[in-house]
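Chain naming follows the written order as A, B and C, and within any one chain the residues start at number 1.
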Amino acid sequence: MVGVLRRSIVRAYSSQTSPIISSSLLLSRNPIITADLNPFEAQYYKYQSELWRRLMWTFPKWFYFREGTLAEQRFRQLNKDPVSYNPDIEYPQGKPEIRHRRDRRFKQVINLPKTYKQVGEEGHEEESLTKSHDDLARQIIPNSRVTKADESNDLTSLERKLSRTLYLVINQNNNWVLPNFVESSTEEIKALHTLAEDGLYKIGGEKINYFNVSNTPCHLRINEVENKKEFIIKSHILSGEFIPQDESLQYLWLTKEELKGKLDPQYYYEISHLFSDV
Amino acid sequence: MSVSRTFTRAFSNSSSLSRAGYSTVKPVHHLVKIEKAALKPNYQSLLVPKDDILAVGYKPTEIDQDRLLDHYHNTIQSDLMLHFYKHDAQKISGNKKRSWGEDSPYKMYRPQKKPVGTTRQTRDINPINFKNIPQLESVVVQIFNKHALEDSYLNISSRLLLSQITNVKAKQIYAKANILPWKMRAGKPCGAKVELTGVDMSQFITTLSELVLPRIRTFKGIKLSSGDRSGNITFGLDPEDVKNFPEIEAFQELFPNLTGLHITFKTTARTDDQARTLLSSVGFPFYKA
Amino acid sequence: MFKSMIPNGNHSHIITNTIFKTFSRGKRTATTINAATQKIVNQLSALSASRKQPKLIRLCQEDLIKHRTIVNAWKVFKRQREQKRTAQLKKQYESIVNAMEDLKTSSPELFELASEKPKKAVLFPLEMRTPTDYPANTPWIYNYSPPAKFIKAKKPTTPESS
């Protein structure tokens, strides 16, 4: 009975035109800087690190600064000894407990001599002019986490939203979708990831350094409108640039939340679990 | 009457086996040794778990964002799952101890036969799914200091060196065997080791892969042949290379007799190949020797 | 060098002290040890906890409750994050299984190619770097040109096998 049923299903299936197998490319740019912390995380880390500093052992000054050296003298100038305990005085806030020139009750704050002049200090202007970019003694000012592309809201730039994973989407028939490729010649069998790669080079140029995570597709989306089976191949862009070979091709690099706004809701819902939250 | 159990005369060994662990008749005398000193009320504070702020040894562990762990969770973990996916994969059983057979009652309680060809059992290799994606468990850093065999005070500097570069107080290790040509005597301190987990591990790995290794001119990578066949990879650094650690670099005169390091990455991967892929994803190059 | 210096140095010092000891009440004689010994003493003291430990934190009842509330909130936050992560991974895993199961029936040849695994370890590229707190001077490298042989042969298997 079962055998008969199955055969009938197979026959019904083969009478239709079987769906075309195609491969889609989930090309992502990984985060370049650490994720932004939410306020709770930031506060918790601050609280914990303050506790950690409070419970730290005393800095072994005698190990790093030999007595009588110039460096030790400068260190002593910067770090004044805490108020020592005098039995004749009453301390309403608690008696100081000094060990190795540190009050055990509190965290130890250590100032190290700076090799540069700070803003507002005398000689800062001249120094910033004279000191070269490779000078190890210069003041290190970290680059901004917000880039020019963020300020101009350039959605096609790879330098936007450095703390997030960006995904490549292209515009097809006024719909934003992941780039999808179909094998043109029917004789030759091409692996799904090869098909995706060749397709990417065709639409985006060959100046893309990318890493294909696996030959295995990470998702199957059945496109009933075009009678297609879209196997999604996952890969990362490492350097280079996506330069559309066709002038009319529109493309965007978007985060997960932005994809939600751009993609068709049904389409987004089907593939949303593939996108990273960060 | 208190007679020590070891000195009571017994004609058979089975009598002590059949006896219960303690007598139920009061006053209860425990046959299992209990360290009663540990029950002193003064020591109660030592029983508080260490992650509680009331504990004497409390130390906050999550003091900052762990960028390596975040990177693993955000990017690598999902990639590794796809990368190691094998359709219809089956469990590969390890080399286990063997039964002697069940045809005789004497074989029932006999200790099992050793695994084929070896003395140790090996683990099963399960196909990778979303629950068992390879992950770094810990990093063990170890120093062997042969000069300390003669003068044990020379071991202090290797312990200090290790503590400085890892932020964890190093344990002393002792020689286990008497080997005359190496002047080794059992019980002599001859090095130091630390096992790093959590933030300290991440910090050490990033320092190593971003600051130390790129500055070693002769460094080609970790040997592809390295590994213990169950997913743990080891490599070594020369005394010259150790100087590249930022904690050592500026204070080289404080560490006069530098020694090399052995660094072992313990992973939850069950094969070396998986462990290599995992390590390459956190920034370690490999090369074919 | 160390070995020869330390015991001798210490010894001679003690001897001289005992010979020329003059008692003076309340006055302390300065003990000087030689430089090499001092270095080792410094190393030991840098390593040991003695006199370097801070006072224990003694929280009042109110602060203790505050602390416990914060820690509990953090645990809840972490658990929820972990559950979300696991759920997403599970979904991803199921969709891989589903895709491969379908490919197996719809195109066995493509299935073979998709489940082909290299025999040796495949290494992830070093360019996939751990994110840093602040971006580099050039956050993204644009001028990438593929190696010449790559363009000619156009070898498709990107996972660099080692």
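In this section, contacts are C-beta pairs under 8 Å (C-beta built on N, C-alpha and C of every residue); 3 or more make two chains touch, one makes a residue touch a chain.
Keep in mind the model is a prediction, meaning the values are calculated, not measured.
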Can you tell me which chain is nearest the middle of the complex, judged by mean CA position? C
Please state whether B-C or A-B has more C-beta contact pairs across its interface. B-C
Expressed in whole Å, how far the mean CA point of chain A lies from that of chain C is 19
When centres are defined as mean Cα positions, the distance from chain B to chain C in whole Å is 15
Where chain A and chain B are represented by their mean Cα positions, the distance between them in whole Å: 31
Would you pick out the residues of chain A that each touch at least 2 other chains? 30-31, 34-35, 41, 44, 51, 55, 63, 213-214, 216, 218, 277
Where chain C touches two or more other chains, by residue: 43, 46, 57, 74, 88, 92, 96, 100, 115, 117, 124, 128, 131-133
Residues of chain B touching at least two other chains: 53, 58, 62, 67, 70-71, 75, 78-79, 82-83, 85, 87, 254
Going by the contact rule set out above, which residues of chain B touch chain A in the complex? 53, 58-65, 67, 70-71, 74-75, 78-79, 82-83, 85, 87, 251, 254
Residue set of chain C touching chain A in the complex reads 42-43, 45-46, 49, 51-55, 57, 70, 73-74, 77, 84, 88, 91-92, 95-96, 98-100, 102-103, 106-107, 109-110, 113-117, 124-125, 127-128, 131-137, 139-146, 151, 154, 156-159
With touch defined as at the start, can you tell me which chain B residues reach chain C in the complex? 53-54, 56, 58, 62, 67-68, 70-71, 73, 75-79, 81-83, 85-87, 129-130, 133, 150-151, 153-154, 156-157, 159-160, 163, 169, 206, 209-210, 224, 254, 272-274, 276-277, 280-283, 285-286, 288
Which of the residues in chain A end up touching chain C in this complex? 18-19, 21, 30-35, 40-41, 44, 47, 51, 54-58, 60, 62-63, 97, 99-100, 102, 104-107, 142-145, 147, 158-159, 162-163, 189, 191-194, 197-198, 206-220, 229, 231-232, 235-236, 238-241, 273-274, 277
Contact residues on chain C for chain B in the complex? 2-3, 6, 40, 43-44, 46-47, 56-57, 59, 64, 67, 74, 85-86, 88-90, 92-93, 96-97, 100-101, 104, 111, 115, 117, 120-124, 126, 128-133, 162
